[in-house]
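This is the structure, below, for whatever I ask next.
In this document, chain identifiers A, B, C and D correspond to the written order of the chains, with residue numbering beginning at 1 in each.
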């Protein structure tokens, strides 16, 4: 049996990550040349940290590979938008396809990675990100269920706590599920996590909080990697 | 045979009350605005609409909803910042909503167009949207059975058509249109340009004319 | 009850149709502007009687709509062949697509008509045209099963009797089936038939044989239309 | 990421004994001859080949069969006037044959590429080729359940690739290649031309580069 010692980076000399910093941390873990889909909302901002030189190729489920940065000024074209319906641009080597082909690409396991927001992620990687479950809420799922089951890896980008302080990394999701056991990593403002497939979640890095304090604030068994 | 219509009103003529109507577009990109306004004038009621969204602001699909013509909408993403027409109808119980994951929406219409009686997908397994649906273990994984969405009419938009009905689209305005064209008994297309057969590159035609019943050219 | 009298054209002053005549008779029943798939072998010859001016648009299951006549001389292009793998040409307004799209078109009920050869057709429209059932035969189905279930109408083109005089229009097929209750019309050298969906087959026209003689040579109940 | 190979031999390197290999082409149109000859030199044995035909004359796929490398072939139309290599192997019991209707062959590979666990089709209902398969009544009609055909490798041919792996084809040589590209773990393509990204029209790309792993340019 090897001696286990903690392998984690704890940034306790600073506060939690800002939204832009969270996106940058996640972007740093995306391999060169990966095919990536960024969910609508905050996940879209990950693209700001992956310029064309990164070799990362972006898929947008409304029918395009090789999506470029947001369009501005004269470059805005109402026929060229992303999944969040904002104007975008086209990079050399892009291709267009229809919705069934686009989702076949996604559901068939061809995308290396997708980045999604979440209401809750469970210790086993269940994802809840489409429906608050409130009776008067209007449910809207978009492509979230397809992405969650289809991408080779699912990264979640979210704040770790709600505005009222409730943790969003939980033992079991209480919100309606998007997909079972689909999340691989969770990037938050105070820590990054790996879903291990076991009962425990692995913590890789913390910001503005120590591992021990983090453990006291979550109801999920946390571990660190064997170095 | 494809009929070249002289007006959007002619193009939507004969749509019956109670029809299921596929409406192309993702947000406003590719939305067949002229055909929708013609459908409002045409007057068909009690429609089931299948579309990705439930209308934006007061235009297009939102105007059809506001006119009280739609009994039920099947879509993936009704809730948008400017979907106030739908939101109001939904909250007051005046419209039925079936939320369908976007990939299932596309694949179920493809199935209808391709003669597939049903297909097994992992999308939705273990969620509210698979409740009551058959599941099956295949190769150790659980799948949900999804059934085709066929329709009476598809209203779509394309960039250029030839007079045989072959269509090409422009950028992400393509979205659902090619799939919808295959899933409807009657496919009606508004286009920016009409050309003679032989002008479009046969390698680049996206929707072959066999799927297109009526074309109308509109000013864009 | 109306008085029933025979409504049939009997050409008893001549012999049976030749192969080219059979193809011409069938071609005459194809509506202007129809989308048509011609099976390999004799059915392909129907196209000789439907020039581009006919407005009929030909589908070939190897990925094309708008197929033109056979290619000869310098027009032969190894990348442009029909389902029988013979060089063909492209007409204005043609389009190319891949095999899954091509068969989706076929199986989804979008083709108005296909013409197939047959070993046997039953009175109820069952088709046997892919396998002789002999133990040493190499079975080859191609697209026959897809066409038979997919096309809006299925026309069979065949000689009515085998070389040994056995009828090919039968009560029940003895050869392995291609599809059930799929055939709408049968065009042969001695008669054309309509499958009615009932127990009886309707005879429309005969060549070199009278209706009564035809009835004596087939084991299938035959009727003629009410005029 | 797509790898541009300098030879067909490099392009087929690493194909393991016992692999399932999709081979593009309809007859000889679109057949990846150079890749097949490289596979013969490479030496992998005990292969399951999925293709429309079982080889023509002594070339290409027929040569692979003649070299004794193929345990089983899944195809729609093995019996051709010039399929003597296959005919001899089949009659002498040296190769296993699974006849698959051509539409099922294409749709089953599409299913593998699209994450579909299985689908219901009317093709084959009541025939020998549906024996032993599950059936289901849907909307009053009988359908047969067909399962995906996934593969380790696809060997296909295209007209032009860009260095990101985007492909365009030429006329009916397209046939099975775009579907096969989606159904294999590793897709290897021989092309006549290679261009830089941005040269191909994004509206006319048939196979997006995401499906392509290795490219080799061959003289045609």
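Please note the rule applied: contacts are C-beta pairs under 8 Å (C-beta built on N, C-alpha and C of every residue); 3 or more make two chains touch, one makes a residue touch a chain.
Heads up on the chains, UniProt names are A, C = 3-oxoacid CoA-transferase subunit B; B, D = 3-oxoacid CoA-transferase subunit A.
None of these values were measured; they are calculated from a predicted model.
Chemist: If we look at subunit A and subunit C, which chains touch each of them?
Modeler: The shared contacts of subunit A and subunit C, listed by label, come to B, D.
Chemist: Trace the shortest sequence of touching chains from subunit A to subunit D and report its length in steps.
Modeler: The least step count works out to 1.
Chemist: Comparing B-C against C-D, which pair counts more contacting C-beta pairs?
Modeler: If we tally the contacting C-beta pairs, C-D comes out ahead.
Chemist: Taking each chain's centre as the mean of its C-alpha atoms, which one ends up farthest from the centre of subunit A?
Modeler: Of all chains, C has its centre farthest from that of subunit A.
Chemist: Please tell me the distance, in whole Å, between the geometric centres of subunit B and subunit D computed from their C-alpha atoms.
Modeler: So the centre of subunit B lies 33 Å away from the centre of subunit D.
Chemist: For subunit A versus subunit B, what separation do you get between their C-alpha means, in angstrom?
Modeler: Measuring from centre to centre gives 30 Å for this pair.
Chemist: Express in whole angstrom the distance between the two chain centres, defined as the mean CA positions of subunit B and subunit C.
Modeler: It comes to 35 Å between the two C-alpha centres.
Chemist: For subunit B, write out the residues touching at least two other chains, lowest number first.
Modeler: Only 107, 110, 114-116, 121-122, 169-171, 203, 206 qualify.
Chemist: Note the residues in subunit C that touch 2 or more other chains, in rising order.
Modeler: 90, 96-97, 103-104, 106-107, 149-150
Chemist: Taking the touch definition from the header, please name the shape of the chain graph: line, ring, star, complete or other.
Modeler: Looks like something else, not a line, ring, star or complete graph.
Chemist: What are all the touching pairs of chains?
Modeler: A-B, A-D, B-C, B-D, C-D
Chemist: Where on subunit C does subunit D make contact in their complex?
Modeler: 60-64, 77-82, 85, 90, 96-100, 102-104, 106-107, 131, 136, 138-146, 149-150, 176-180
Chemist: If we count contacts the way the header does, which residues on subunit D are in touch with subunit A in the complex?
Modeler: Residues of subunit D touching subunit A: 1, 110, 112-116, 162-164, 166, 182, 196-198, 200, 202-203, 205, 208-211.
Chemist: Going by the contact rule at the top, pick out the subunit D residues touching subunit B in the complex.
Modeler: Residue list for subunit D touching subunit B: 107, 111, 114-122, 136, 138-139, 141, 143, 147, 168-171, 201, 203-204, 206.
Chemist: Show which residues of subunit A lie in contact with subunit D when the two form their complex.
Modeler: 32-33, 35, 55, 57, 59, 65-66, 90-97, 103-111, 149-150
Chemist: What does subunit D use to touch subunit C in their complex?
Modeler: 26-30, 52, 76-80, 86-87, 90-91, 97, 99-107, 109-110, 121-129, 169-179, 206
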